[in-house]
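Presented sequentially are two complexes of chain A, the first with chain B as partner and the second with chain C.
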Partner chain A sequence: MTEPADAKAVRAAETAVAAEAPDGAGASIRAEHLVQRFGSGRGAVLAVDDVSFELDREPARIVSLVGQSGSGKSTIARQVLGLQRPTSGAVTYGGKDVLRLNRKQRSEFRRNVQPVFQDPYAIFNPFYRVDRVFWTAVRKLTDLPNKRAADEAIRDSLRAVKLQPESVLGRYPHQLSGGQRQRIMLARIHLLRPQFVIADEPTSMLDAQTRRGFLDILQDFRVRYGITTLFITHDLSSVHYLGGDIMVINKGRIVEQGAVAEVMAAPSHDYTRLLLASVPAPDPDQRWTERIDIGQIR
Partner chain B sequence: MTTTLSAPKRTAGRLSLLRRSPKLTIGILLILLLVAIGLSAPLVAQAIGGGQDPTETAAFPRWLKPSGAHPLGTDQYGRDILVMVCRGVLVSLQIGAIAGLVSTVIGVIVAFVGGYLGGFVDTVLSFFTSILLVVPTFPLLITLSAYAKEVTLFEVGLMLSIFSWPFAARTIRSQVLTLRTRAYVDLAKTTNSRDLEIIFKELLPNLLPYVMVGFATSALGSIFGLIGLEVIGLGPAGVIDLGHLIFVAISTGALTLGAWPLFVVPIILLTALFAGLNLINIGLEEVYNPRLRSVSGV
Partner chain C sequence: MSDALTTTAAASVSDGVATGTTDPAGAGRDLDVILDIADLSVAYATGSGDLVAVKDVNLQVRRGEILGIAGESGSGKTTMAATLLRLLKKPGRVSGGTAQFFPGSAPEGVDLLAITGNRLRRLRWSSLSYLPQGSMNSLNPVARIERQFADVILEHAPKRKAELPTLIPRLLQQVGLDPSVARSYPHELSGGMRQRVLMAIAISLEPDLIVADEPTTALDVTVQRVILQTLADLSRDSGVTIILISHDMGVHAQLADRVAVMLDGAVVEVGEVRQVFHQPQHEYTRRLIESIPKLAGAAVGVNAGHPVATGEDDR
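Up next, the complex of A and B:
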């Protein structure tokens, strides 16, 4: 069968882009048998228990990691970002352990894997104006040719997340609201255009309206820039809104995974059913009647 | 999107902040006044001695009352008290500066290395710091001074700083332990910042008030230490500081002989020195901690 001319052109363009892409472009993140134990002896806590998964660059998607507080979600995020050395197992990027990268590889990893953290109040160093978050990123992780180009890129990024540059630049973090601060982190993502975003409960401290705006931007980034996001949350309504894939984690173990629509329609694990049953409905007549002993769920 | 809390004061620089902190201004003025008093010693000596050293034994008659020629009178050896006070202030300031600087540098290095790296290094450094904290330093100083009668001013400062850095180290380390887990430190790591950059650019600026408090505490402790040695007559020979003057006043019964300036003036100047350094501490906290600045429009 002969290939259509426009499809040939698309493939040729993709090949050209791939040829120009830096080392690590198209690489995937693999979590391989991650275990994280805190403390030792009787007081030891098993936060992550043999967790494995893969985040692909293409096609870009949103993978939600869902579980209750203390289930090990944030520990996994830190392991994936190379901020936490696992007790055993490894996180690889492009086939290389993220904790054993050489200088160039680490730079490439940092350029392509970026976080959005939970607490919009703690992300900013209170000593500096918020601009510094952008300028440090520009200096360390981009190839923008000069200050003028960088300034323009920063302003474009702020506009892309619906912030007025003049309303945030030059201010100290304490002069901005939580929603503004979290959007600034998204603007930073927009500026850097990484391949992967590790978003650790980024919406947990935002109001409903701001949360929706935030989720829309994440979707927009996936569609426009092909950014794959590991979205860590305990909020199933956000997961449902985002779609994509879901991994349900309980007591440090992934107990169920699949497409969001499928898992939510027919959960196979008791814990997933519990999570779904625990989503509050905006109906004053609807109340939880069944008591579930979470300790019984494995 | 929520509204911005306050308008930035972009034109307001550090100097205006300094001006807007009355405590810092008063503290700096007090210390500058003391420095001026110390630096004026040669001029005062020239004016009073007329080419002759007014602090030489029998330069003038003994126990002269305050007068135009000798504003603070003379002591039992016929030395001019005003000139001795001016020189004593300078020596006390130098001792404080040398010991404060050396002990702050040691304390900051120990605190940052131990607090940031953690693990075995931190355990060893903390153990060493704790030992020095619980060792009674004054008896050790007395012992040391017995072996160090002919020492330079710098050596005295070094001797005193040996015992005054642990407080700064302990205080700063506890803050490093808190700050190193902040999200903005993690963000700096994911922006490919090196450990030294994180220490100097992320952590140190936030700890400047603590560093200054460490400096002031060490300086005060060292000045106190030397005064303590001088008052009991164990100070290093050839070093005439404010403590030595108090020792002379006590040992010769200056108060009962009506030579009150020999006792009262050094006490007033020491009080001004302590007040000045403490006001600088408090003022710096206001200047360097943006959260303590007034937030307009809230």
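Up next, the complex of A and C:
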């Protein structure tokens, strides 16, 4: 069996040696005219079509990238993480192309830009206790002086995401619920304190209540530690709950962007309107009255 | 806990939408009821004793309604659906209760949990049908769509063989698909189209009851809206009864006539949809509703300037 791609990404983040100095403070991530074409000839698919945006650190923001399956949003996540070479355009971190970093810059990038993926199960090795996720991170990415300090830091991080250390440490991934596994990934973020989190559909497998808890933690990380998150999702309710900024993507192109409150109150693009109108309002007095034409979508 | 539940919880509906009348146990069968679940318990055998997944559920499903079953993962809703469909797998087993089903073909009623063999086979699809999860690959990847219709129809209603050439296109049109889809293979269709094919198969033998288990989970939000719209149309046009299982309270608010809320295997509340949303009786229901991030003021119509629905101030 080949290793799942998401596990590779997290491993890649960990193979980098801990950077000596947390320089790059204030560094921002820029996506510049990203294009991604898959295949060639008549079967070619333009997954990402001239996408540009910037993720700043100061002030820390939550920027949501919203679109449907096949819209290109996961490809953008992989480009930003340096896991996918764009057909043209570039992602820069601190002004440098993330695919052309030297050894020191790369380790800094991998420490400061952390991924969270949809299925937390895929990144755990099922044969090891979940503790390993932390110890690998401690060894490779932090400079905690000794085992005792590291153990205390791990427990702190678990408590910060509202997990009881005793109820998860020593367990195997399959013994934990999806919500617990996803919180462990957040605890890992808490431990590493990166500058950026790139979260690709992190809540799509969680229940409404668990989902809300997850979003609260992302918000807490922004406020408390100044972590900027690129939150990739198809769930507009979560975006509304988080606030911050939104970019709406359709067929590989960003069709609308701005502050969440403004875009949701007065969407200017038809596609954004269609998305908003499709969210089932949790109120029987707000049932849909008009019909969506089936021809509009597939 | 569950004995406190009256299955017809229409008692106090504030906005005047009175539904059904109470049918005290023993006072003769209510013709309005198509499925009467009584004291249903389901347990999974584990190394360290039984894990009870469904606990003493009492629930009556009314003819023609859409009954929503809400609850988070692990609440027992999918186990209950599998039990009713007789798809429960070991180590799960029914540890008590009955589920009397009253389809047109057997008005005297059959216990879904007791019938076996040919009787069960005749009931499936033609009286009791199933719409699986949107994320599941429920279609045979190497057969054209028309084959998959034929498999179901010929297995359960062989007499209708001659009708197939007209029946399949009609069913596809009924769920908003082009009849040419019959010649396609599943991989040639989008997720939303595949789910509509499954819906057409589910209604192909005009069942009395469809159990839909998370039918829109994992589908994009716009596709979900179209699927839900189609499901509502089917219910309205054909009068088929639907048990709609979903963890998404928004789906219930849009579609269900009544909603039952499950927690830890038990039904903790059942009532008319407006009552459940506006005056939840159980603390858990209240939390479930509150936990939905609301797009307040964001309900904007597809056509600019036409709100999908009115605001909150009219209640």
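By definition in this document, the second predicted complex is superposed on the first by the 262 of 298 C-alpha atoms of A that agree within 3 Å, B and C clash if a C-alpha of one lies under 4 Å from a C-alpha of the other, contacts with A are read in each partner's own complex, and residues count from 1 in each chain.
In this section, a residue touches a chain if its C-beta (ideal position, glycine included) is under 8 Å from a C-beta of that chain, and two chains touch if they have at least 3 such contacts.
Being a predicted model, the structure only gives us computed values, none of them experimental.
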Chain B versus chain C as contact partner of A:176, first or second or both or neither: first
Which of chain B and chain C A:277 touches, first, second, both or neither: second
First, second, both or neither for A:33, with chain B first and chain C second: neither
Which of chain B and chain C A:224 touches, first, second, both or neither: neither
Touching partner for A:124 - first (chain B), second (chain C), both, neither: first
Touching partner for A:147 - first (chain B), second (chain C), both, neither: neither
Chain B versus chain C as contact partner of A:163, first or second or both or neither: first
Which superposed partner A:85 touches (first chain B, second chain C, both, neither): neither
Partner chain in contact with A:100 - chain B first, chain C second, else both or neither: neither
Those residues of chain A which chain B touches in one complex and chain C touches in the other: 177, 210
Interface residues, chain B side, partner chain A - complex: 1-6, 8, 10, 182-184, 186-193, 202, 205-206, 288-291, 295
Residues of chain C touching chain A in the complex: 72-74, 176, 190-193, 220-226, 228-229, 247-251, 253-254, 273-274, 277-278, 287-289, 291-304, 306, 308-310, 312, 314-315
Parts of chain A lying in touch with chain C, wherever the complex brings them together: 68-69, 177-178, 207-210, 212, 215, 234-238, 240-241, 264-265, 267, 270, 273-292, 294, 296-298
Residues on chain A engaged by chain B in the complex (per definition of touch): 78, 81-83, 106-107, 110-111, 113-115, 117-119, 122-128, 133, 136-137, 140-141, 162-163, 167-168, 170-172, 174-177, 179-180, 183, 210, 213
